[in-house]
Amino acid sequence: MKTVYPDSKGRYGQFGGKFVPETIMFALEDLERGFLEAINDEDFKKDLEHELTHYSGRPTPLTYAGKLTERLGGAGIYLKREDLNHTGAHKINNAIGQALLAKRMGKKKIIAETGAGQHGVAAATAAARYGLECKVYMGEEDIRRQELNVFRMKLLGAEVIPVTSGTRTLKDATNEAIRQWVSAVEDTFYLIGSAVGPHPYPKIVKEFQSVIGFEAKAQYKEMHGGKLPDKVVACVGGGSNAIGIFAGFVNEDVKLVGVEAGGKGILTGLHAATMANGREGVIHGSLTYLLQSEEGQIQEPYSISAGLDYPGVGPEHAYLKFTKRVDYQCITDEEALEALNILCLEEGILCALESAHAVAQAIKEAKAMSPDENLIICLSGRGDKDVHTLFEQQKEEDSHDQ
Amino acid sequence: MKTVYPDSKGRYGQFGGKFVPETIMFALEDLERGFLEAINDEDFKKDLEHELTHYSGRPTPLTYAGKLTERLGGAGIYLKREDLNHTGAHKINNAIGQALLAKRMGKKKIIAETGAGQHGVAAATAAARYGLECKVYMGEEDIRRQELNVFRMKLLGAEVIPVTSGTRTLKDATNEAIRQWVSAVEDTFYLIGSAVGPHPYPKIVKEFQSVIGFEAKAQYKEMHGGKLPDKVVACVGGGSNAIGIFAGFVNEDVKLVGVEAGGKGILTGLHAATMANGREGVIHGSLTYLLQSEEGQIQEPYSISAGLDYPGVGPEHAYLKFTKRVDYQCITDEEALEALNILCLEEGILCALESAHAVAQAIKEAKAMSPDENLIICLSGRGDKDVHTLFEQQKEEDSHDQ
Amino acid sequence: MTNRMKEFQNLKTPLFVPFITAGDPSLEATVDLALALQNEGASALELGIPYSDPLADGPVIQRASLRALKNGMSLEKAIKLVSDMREKGLTIPVIIFTYYNLLLQLGEQKFFELAAQHDIDGLLVPDMPFEESKELHEACLQHDLSFISLAAPTTSRERLKEIGRTAQGFLYCISSLGVTGTRTSFANDLDRFLENAKASSHVPVLVGFGLSSREQMQQFEGKCDGFIMGSAIVKKIEELGPELVNEETKDKAIAAFSDFLSKVVPVKKVYS
Amino acid sequence: MTNRMKEFQNLKTPLFVPFITAGDPSLEATVDLALALQNEGASALELGIPYSDPLADGPVIQRASLRALKNGMSLEKAIKLVSDMREKGLTIPVIIFTYYNLLLQLGEQKFFELAAQHDIDGLLVPDMPFEESKELHEACLQHDLSFISLAAPTTSRERLKEIGRTAQGFLYCISSLGVTGTRTSFANDLDRFLENAKASSHVPVLVGFGLSSREQMQQFEGKCDGFIMGSAIVKKIEELGPELVNEETKDKAIAAFSDFLSKVVPVKKVYS
């Protein structure tokens, strides 16, 4: 049952591909060549592993959540601790990988898009570490909302470029990064932030994130005499952390659950449930499920977690949904907040709001499973970045209560 | 030259001891007994190691800072990455250790003091993970300044208790925690946050933080064919991260440098340079160097980094200064800020303002050393918590520039 | 291929293909602007469909898209608008310029039906490179529509050959890297690129992206068969927008537009 | 030991030792309050030196400390103040209650000189437990000062024996865990603790911490030799503070203070 996707055209079944202007085709081909060379180069692989280990702190632990497990009375719960990575999320795995690739390809500059700033910070971090110039495209609206992350990128030496097109958010920042890449393709590497975009990006990002899955698998097996977990749960924004952890288990007899942001509830229209509620379409060069109007205009998604706030989803997830290999579920803001609280109280881990979606779903799953089953949650990031949001949320609730 | 301190009275030379009300003596004796039992118990040691590894993410890497080294042209610089710990600083090593000790001693509750909230968060985290009730004493003034950390502790299930005595800051919170411990000694464990306080606390905290030094030593030797570094540099607030990393090297031929907060400069009186500018005195039950008035009233220290903002220092540091085994230096706010920026730009690591003091001193030291020498900086924590301060600082500077 | 397109391919060069965004500043104005373009010498019309995420477009066309979307424009409405143009005398080929997603959502079948009903001549999908377009290309052939292919200075020799070999209507050669928009300089090795394009292609080779003046076009004289002009025109429409939607100032605005065109159209051809 | 202290040890029980903070609400008032205490039956006076970080004290005495510090009070000044008290007729022993750091900074030698000059009788260092106090204890002996030791309900039998054996002046038995302050309940095994204390000690055994009424003291009748009362008195002084520092209301305030005392002092003894 080994997956052989993507095909030579970058397709995962009908999904994926390269729906980009002709002007970028050369760069994508160049990138694919560079990538294939790199991942077949022992030195590159050694450098990458060295940096993941000695700079970012991998392997991240697989933590048994004993109190949470006990509280729920169902399956045993393990947490793959991507929150312990340098800069606080899985994003750095990919940023380091692509930045090293950029260097190997002789590029001097990177550009990146960012929404809330998480990938921007990761990209700026890798750029600083590897001596690359860095420009980060960010919607004007997001810049306003996330001034501290903007400041952080600047501290790291990156230039943050406001994007004023469209809704001035992540999707527009991504459009703009692609546009700018087109005109600077010679010396510039576009460091994309999730398993999205035109081929070969979804493949590249998966490669660099699959360390999550392979580590988790080895760690779990080590703890359980070679057995595999029964289920793996991960949140899905663009889909990079999920595809990364799934990579370790997709060819095994392990149930996989992807969790999208249900926002204020699917029926309200305020959500980012691309797969539950989107239709096939093209976004950022890739054919995938997409939140869009009847006529095909891309819609602005909503989620309390900025990192799940993407109107599309990586094409491999579209394929995994289409083939039913992965079960995709939605979790609302409210459920995610509650799960975040529970994990905090039971295990002393303040996870990212994104990751809290996976936790919330896992709580449901675990309850329905037997105590001799086990599941792994991909804890994609830490919640430091969200404390302000949670605090404001709490204040609001308190004022409603009065 | 092996150190045999503290003696049975908890003295490091003339420093240390137990200058506490008679009412706590019983609790301190009980604690010492419990601690000695625990660290001689293989099961306890295994539990502790398990939690450090599988929960907090140890070992933390020893990162070679190649670009920084190159920029300075002096000694090779290595960073012991305590910033990659769960909750973002070395504080968790101690919190986990003491919380497990509390549990082993059959206590149901812990209390802790906190200044900016770092130790409070670490203590609340460990309490959540190990199922202990947690109260954190915090000066009213600090609560006002650090509302997000207060919120965080509450998320973790801790009760944060405002302290209104004295200057309403860390030293008063510590007084209050000790006072409250006195009245609840039966079922309550006082989880102190640095290598300070009455015996056996400095010894306990050192024990739980020495993992930093022993790891760093093993990692460095592994990288360098069994050789030792030439110098180790750490910042000193209460002194726990420093005593922790020094523990690996104090009995070796390695130069040790402790870095205090020089604030706005020693001459301005606005600083936390306990050892450069303090006199012997008693604080929080320990005889040590202390910032105090002529008559012995304890003075409020100042530093841009809340974690170095302590008017005393752990008694073992006082002893290490007195015996000249460690060289103690001061770094001003301005120098620390500059070092933080440099590390960010060169290595993509945003360190805590506390740690930036060590970085600043290390930059001076490295420049004066030869390229075939090497030094290790204890990067005690990450700078996420400081981004707001840095941001405000920047805004202020920008407005001065205009 | 439609007769209009056949005629287009036989026109005296340089050909001139302007781009406007359907629905900007209004549906009615788009019709008037199309006719003005024909009057001033346009050989064909590229009718851009506004899209929320126009990956290949610069700020000028992005803004036009936003305005047109506010006016309720859609792929279907734009196609239908062409019948209005035809009624009012538009005889030059009309090429629908649309991002792939809009086409996908409308459905190819539906698109071809509408295209036939409303006298559409060609289709250009800017985010559908050669590799992705094979099927659509063929479907267009079957429905007598010219599928316009693009080539860029970075397009490899081999791909350029393939693209040229299968090109329909005309070959759109992108004169510079980057997105649409007016520019002062072009890709360095443009001459060689155009030489190769012309050698590979059996249809007219047009240059576009960033052209804004007659002088710029003169640089390419003899090296290509014509020009595409987008942003410069759309920018003019933006300027005239308020006047174009006001019944009282409309005629004056169209006259100003025609005046502007007369200064940039490479050679004025008169259609009957 | 001073003669005053010898006399104190021979007084009829229950002994009564009040605590006040030197300098609260003013230096002058402290002198007047000391005399009022003597008049109302105090057997000795504990004179508290204000400290920035009073680890053993509850909120009432913390506040008094802050007020006194604002008034510029220090260990040296407080000792000197005792001479003023003596001049005005204070004959009961005065025990200086000071945190160790203040003593350390003043210097022990200097302290003993001042103590001798200003008729001090005893020293109590609340943050100096038995183990740390050996040397100071002996130095006090040499300088005829009584070093007051404390014992708590949690103090082990063995330590209590040691403490009792070496106790000077009186043995201060802490009646409850926690810090100073008025309380409604006391440690559970207090009776046994006091029994042990009395058995171990050759000096009077006094109970303190949290006492605020005559009724509370009556609970301990026969189980100890007297009482120490701090927070309840300091709280009263806090109330009367503004009046005590006002020349016009001072006498009335002292009268009110005496009235308050007459209700809490266990037995009124009259000194000549």
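In this document, chain identifiers A, B, C and D correspond to the written order of the chains, with residue numbering beginning at 1 in each.
By definition in this document, a residue touches a chain if its C-beta (ideal position, glycine included) is under 8 Å from a C-beta of that chain, and two chains touch if they have at least 3 such contacts.
Since this is a predicted model, take the numbers as computed values, not measurements.
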Other chains in touch with both chain A and chain C | none
Can you name the chain that lies farthest from chain D, using the mean of each chain's Cα atoms as its centre?
-> C
Quick one: report the Å distance separating chain A from chain D, using the average Cα coordinate of each chain.
-> 67
If you average the Cα atoms of chain C and of chain D to get two centres, how far apart are those centres in Å?
-> 98
State, to the nearest whole Å, the distance from the C-alpha centre of chain A to the C-alpha centre of chain B.
-> 34
Do you know which chain C residues sit against two or more other chains?
-> none
Contacts with two or more other chains, residues of chain A listed in rising order = none
Sort the chain contact graph into one of these: line, ring, star, complete or other.
-> line
Which chains touch, pair by pair?
-> A-B, A-C, B-D
Residue set of chain A touching chain B in the complex reads 53-57, 60-64, 67, 81, 83-86, 88, 124-129, 131, 147-148, 151-152, 155-157, 341, 344-350, 384-385, 387-388, 390-391, 394
Across the complex, what residues on chain D touch chain B?
-> 51-56, 58-59, 62, 66, 69, 74-76, 99-106, 126-132, 150-152, 154-156, 159, 174, 176-179
Quick one: in the complex, what on chain A touches chain C?
-> 9, 17-23, 25-27, 29, 165-166, 171-172, 175, 178-180, 182-185, 279-285, 290, 292, 294-298
